[in-house]
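Can you read through this structure? Questions will come right after.
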Amino acid sequence: MPISKSFLIIGIFFLVAVLLPIAALTLGRFLRASKPSEEKATTYESGVNPIGGSWVQFHVRYYLYALLFVIFDVEAIYLFPWAASYDVLRSEIGLGILLEMGLFLGFLILGLIYAWKKKVLEWK
Amino acid sequence: MKQMAMDLSPEWILLVGIALILIGEILLRENSSRFILGLIAGLTVTASGLFVILQGKEVISLFSDSYVSDPLIRSIKLLLIVGTLLVVILSFSEKLAAKGEYYLLLLSALLGAMTLVSAAELVMLFVSLELLSLSAYVLVGMHQERLASSEAAWKYVVYGGASSAFLLYGMSFFYGLTGTTSLTEMSGNLAVAFTNNNEMLLYLGFFLILVGIGFKIAAVPFHMWAPDIYQGAPTTITTFLAVVSKIAGFAFMLRFLGSLFGTQGIQSVLHGVVIPALLVLSILSMIVGNVIALKQFHLKRMLAYSSIGHAGYMIIAIITILLGGESVAYSSLYYYFVAYLLASTGTFAILQVVAQDKSPDRRVLSGLHKRSPLLAFCLSVFLLSLAGIPFTAGFIGKLTILVGAFGNSLFWVAGIMLLTTVISYYYYFRLIRQMYWQEDEKAEKERVSWSAGFVIALTLIGTFLFGIMPQILLQGIGSWFM
Amino acid sequence: MGILSILLCVPLVGVLVLQFFPKRKFSAHRVIANLTTFVTLILTIYLYFPFQTGQEMQFVEKVSWFTFGSFEPISYSIGLDGLSLPLLMLTTLVSFIGSIASIYIKERTKQYYSLFLLLEVGTIGVFLATNLVLFFFFFELTLITMFFLIGIWGYSKKERAAYQFLIYNGLGSAFLLIGIVGIYVYFGSVDYDSLMKVIPISSFNPFTWTLLTLLLVAFAIKLPIFPFHRWMLLVHVQAPPSVVMIHAGILLKMGAYGMLRFGVSLFPDYMEYISTLLAVFGLINLLYGAILAFAQQELKSVLAYSSISHMGIILLGIAAANQVGLQGAVLQSISHGLLSALFFFLVGALYERTKSTQLENLGGLAKSMPIYSGILMVASLGLLGLPGLSGFVSEFFSLLGLFERHPIYASVGTLGLILAAVYTLRALLSVSFGEQKKSISHQDIAWKEWLPMFFLVVTIVGIGVYPDLISSTLNHTLETIVSDWRG
Amino acid sequence: MNTLLLYLGPVILLLIVLGFVTYAILAERKVIGWIQGRIGPNQVGPWGLLQTVADIVKLLIKEDTIPKNADKTLFKLSPIIAFVPAFVVLAVMPFSSQIQFTDIGVGLLYYMAISSITTIGILIGGWASNNKYALLGGMRSAAQMISYEIPLVMSVVGIVLTVGSLNLNDIVEAQQKTWFIFPQIIGFVVFIISSVSELNRTPFDLPEAESELVAGYHVEYSGFRFAFFMLAEYVYIFAMSSLTTVLFLGGWNAPFGFTFLPGIVWFIIKFSVVVFFLYWVRATMPRIRVDQLMQFAWKVLLPVALANIILTTLLKEVPFLTHYY
Amino acid sequence: MYLTSYLALAAILFCIGLYGVLTKRNAVMLLFSVELMLNAVNLNLVAFSRLGFFPNIEGQIFTFFTITVAAAEAAVGLAILIALYRKKETAEADQYNSLKG
């Protein structure tokens, strides 16, 4: 199958997936009740009137996790091609290919342990 | 395999050092001293330097020409190593170094700088550059309790990120039009690419890359970051930026321009576009750097502008190398690097001693000659070297650059160089005046830690030695790579 | 190590020895400095005797210093010829007397004498160097040390004076450096002797023309010639007298020496070509300095303008571009060096007592300070060119030389001499005679002060009576220069 | 014909998926009820067969409220963003040797990449609601999903190493003899735990923890907008179970040479087992604490996954085991 | 021609990013803008890699590294921004102005 056709199909999937909610919500518009009132449009806060803004400052841990995620997710970029071509490279280059990735992984693991030690992974 | 391990040994050693420091940091208790890590860092850098020397004159080319190392490159690597070593030693008495990351990042920045110097392929160039930059970003922000430090780091990240984008964008054009990322192949294809009716894109690419490089070496008009970052960063890191990072940037510039435009095929481009662009950078840097430095009250800011001016001088050396007119060209650049390295490191070391935790504006130097006459003397020598006064290494550096410039008939640039040098006297001597003429009620002697003292002594000896007996270095360079 | 190198090293040794004494031992510092400068003086006098009149460079030392690429190596080369010997002797003499005159310096003497001795190294080196780069090294050394000496120990406006000195002379150095590098790249050498061979007589093209102009401007700033003179006034007035002795006595002459050594002897055609221009500038200096000296209300300013005026005479001598003129220029350098050293010693001694050098605050010193006034009288007479004193010979030679070439300028120049008499006498009269001011103590000078002064006076008279003392060594060198020229 | 199938295929699949979701919900409630000794829904239709249909109709006609302070555009967009990737990932899923919509070379990567977009939808939903609980729920959900995505991604590297391809078909083909659940048992364990977490299901259903966060990121959503978040979740169950089957259970391959049943049937059987397993877990496990949740991903799963990679490469060098790796 | 349109798109993206860097006041937006510039480069590289004068895989490999580096840069930038934000309590970049001569 040519690559363009593969992506055409994915495009169709995408279209279908987008159309479904649109269709459903449009359909729903004709069926559902609509009696808006002030109270209904109030932000929910356990039944009391909302206090203060809700876009509050997040705890820093969220960012730390985001950073960790970025690091390891990017690592995956290199792991996958390496894994996929491991056999070929193994026969061409020899064990060096294992060594190289071992180094790479080793440093990442060291980094992880480091983060661990620095209590980045704690959810405080 | 074994050969490769040997060829890359300086880099391997650094990598091992990084791993060791990381492990050390993991094992050490939170409040125990990090001195051992500093020691590891120092030893690693030294070992790496030894291996660079051991490699001698052989020409190494690895990974299908994407990593090259020859004596010329090795000489610059040695410079980077010496610069970093001095910074490491200087850091022993720095509070920041109580964190293991400090040394770790310093080493990784050095690693980036070393591979940057060796890289002969766009991807590798870029990745090394970023390794250097990213480590530097964090190092600048290391003073976590100090607002200025974080702010400087932030600015550095934004400016640095934008400049890498410029650089990359330019590289992408070069890649696209020559179909290769290897500089050697690229230089072969470039002549064809220029005749392909797409030369506008190549010019665009060239200028974009120039922006990126100009940022790295803090040349006007891409210098805006330097004063803020020099000011905000911890002094040791400022030293690193001013010395190692800058020299690496120049090496990068030299490599890129030299291998692409040094070939015969596109001399017209070299003379028509590259050289004029560099001339503009150089002249602007010299004038703006030195003139604005006059107004600075904050010492590190002043030194930042002065280093911008020095960048201008160094670009002249690069131009003469590109023009290939004089055999002295390379040694002049190298000499200037050495002189600049010694004088800057020494100056910053003294600043660190004198200013301690205060923000170092000019007043901290008041009456230094009374408190610590030796320090005042050393600082004077470093400043004189930066100003390019005879008997210091700085003068020989300037002289060699001037000779090169004259040899290539760059009279006007040479004239501007000297004129701005005279302007620079004004602010360098103002510091000397502050030390010797202004009195200060503070009477206690400055406490010089052994590490700072060592660095200052070393740089002082170097500044004088290379200023009075330049032959040592000139011949050294000559015998090494010629 | 040759004798000239030893000469250069003696003050350095003095500096080193100084460092071993504690800060407060003022008298020890003084003794060491005096001793060191005395040794240099003895050495140069000793040099005078084996010096062979009628030969080229002597006592030559040449060691390869460093090389760039394919150029001829830059060497550490020093030597002495008839042109530099008199100036060298002047240097060591003035340095010695200057170091004695430094008794008026009462704080931070260790630093002061260290810098003073370094300054002496610089000045000696400038006259010895036969390599342009080496010359530049010493030239800059004097710049730096002077900057400190003016800035730290000067009077109220010392900072401005130091800065003006620095920037003007820095600019001059920059021009000089461009010139040197240009010569190096263009002719492939910076050694004086090889340049003499390399530079053809007909090397007249825009490039060398530019180089020479730059060199001349550099020396003109040092000399100083009219539009570049402002810094010098400040230095004269603001620097401590002992430093001004060196400055007026030696440093200004470096400009003249540079013009003679690297201008006249290397590029004679060019110098001949611009001789009219030089003569014009010389006249301007002469008259401008003289007229303004007349208008000054302060003794040091009078001397400063008189220095400008006298430098004009040197310039006239150079402009004459013949043996007599050049001889006059050199003699004038030496004569003015000695005279101004004497004068500033006197001013220093005066200031020590009166705390003022304003002419209106002085007067009637002849009664209370007879020795002082006597010496002052001699100095003034020397300055206005009384026959029998050194000033007369030099001015006479310079103008004589100029007559040969530019008779009209020369006759205008004589006008300057009359003016000199006017302003000198005015200053002398208002200081020594007239009504005595009560507010100041008038203790006559002690033997420690008048002895060195007397020494200077003897030299001045000696040269005035028997100029051959200098001319004999000088003549031959100038002859070769001039003969090259005409050939 | 082909073209028609091309366009109809996704629609048919969508209908199948919708059908699956309808009855998966019912089945889940029934299974959990059965495990916990309850009856489960039994009022609407026989055995409660129409329960979910009724729920859907209820959601359809429910009033659609949007909070006054919400960011309207993003509020409306977020359920769609959450739902779309859940369905789009199915495009590359090989249900049998014949039934696969498209075969792009990097199917596995495609799945991983597209599926993580849902996080953004959830985050936007939480943020756009302008509600503290929603925002906190969204943030927690995002933190959890990205944390578990790492071990999820790493756990399949072992398979890629063995197969040497990122193509899902190749992966299935490679399992003709041995299912990867055996040689890659460590990877499988990590994978299944991570996927449960990715699906926000008990014991990792913290983002929706009603007792802590009211209802998580979708507290302000009602009606069909809410339904689409739910739908996305169940479509993911479909997708994730399919992927598990493909990666570890041999896909459409018949076990023990029992090829008398067509591949698609085997696939459905294995798929059902995985789905059942997910219900089972939900029924028996208690919810874990939030700090344990995050630390579990980073301190346990990730190191284990990395170790698995290294172990796999090492085992490739062991003489007799090479065959399996 | 295909290539031209890709290049044009990349150029537009780059310029938008640059505009953002130069004008945006919110610090996070600044980071986004830088990322946008880097992504423009990626687009360029991939376009050249497939449709360029010398189509080859190197451009795509380059893109890999660019992505990685961009991610690392964003991570570092964000970390520094957080540190700064805690001290300064604002994300308006023009409030970060304590560094002056």
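Note that the chains are named A, B, C, D and E in the order they appear, and that numbering of residues resets to 1 at the start of each chain.
Going forward, contacts are C-beta pairs under 8 Å (C-beta built on N, C-alpha and C of every residue); 3 or more make two chains touch, one makes a residue touch a chain.
Being a predicted model, the structure only gives us computed values, none of them experimental.
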{"item": "Given subunit D and subunit E, the chains that contact each of them", "value": "A"}
{"item": "Joint neighbours of subunit E and subunit C, given as chain labels", "value": "B"}
{"item": "Most distant chain from subunit C, judged by the mean position of its C-alpha atoms", "value": "D"}
{"item": "Chain nearest the global centroid, as defined over all protein CA atoms shown", "value": "B"}
{"item": "Maximum inter-chain contact count - chain pair", "value": "A-D"}
{"item": "Centre-to-centre distance between subunit C and subunit B (centres being mean Cα positions), rounded to whole Å", "value": "43"}
{"item": "Inter-centroid spacing, subunit D versus subunit C (mean Cα positions, whole Å)", "value": "95"}
{"item": "Cα-centroid distance, subunit A relative to subunit E, in whole angstrom", "value": "20"}
{"item": "Distance from subunit D to subunit B - Cα centre to Cα centre, in angstrom", "value": "52"}
{"item": "Residues of subunit A touching at least two other chains", "value": "66, 73"}
{"item": "Pairs of chains in contact (touch as defined earlier), listed by label", "value": "A-B, A-D, A-E, B-C, B-E"}
{"item": "Of subunit B, residues touching subunit A in the complex", "value": "1, 15, 19, 22-23, 25-26"}
{"item": "Subunit A residues touching subunit D - in the complex, by the definition given at the top", "value": "1, 3, 5-10, 12-14, 16-18, 20-22, 24-25, 27-29, 31-36, 40-46, 50, 54-56, 58, 61-62, 65-66, 68-69, 72-73, 76, 79-80, 83-88, 90, 98, 101-102, 105, 108-109, 112, 115-116, 121-124"}
{"item": "Residues on subunit B engaged by subunit E in the complex (per definition of touch)", "value": "122-123, 126-127, 130, 134, 137-138, 141, 144, 147-148, 150-155, 157-158, 160-162, 164-166, 168-169, 171-173, 175-181, 189, 193, 196, 227-228, 231-232, 295-298, 301"}
{"item": "Sites on subunit B touched by subunit C in the complex", "value": "326-328, 331-332, 369, 384, 389-391, 395-396, 399-400, 402-403, 406-407, 414-415, 418-419, 421-422, 425-426, 429, 432-433, 436-437, 469-471, 474-475"}
{"item": "Residues of subunit A that touch subunit B when the two form their complex", "value": "94, 96, 103, 106-107, 110-111, 113-114, 117"}
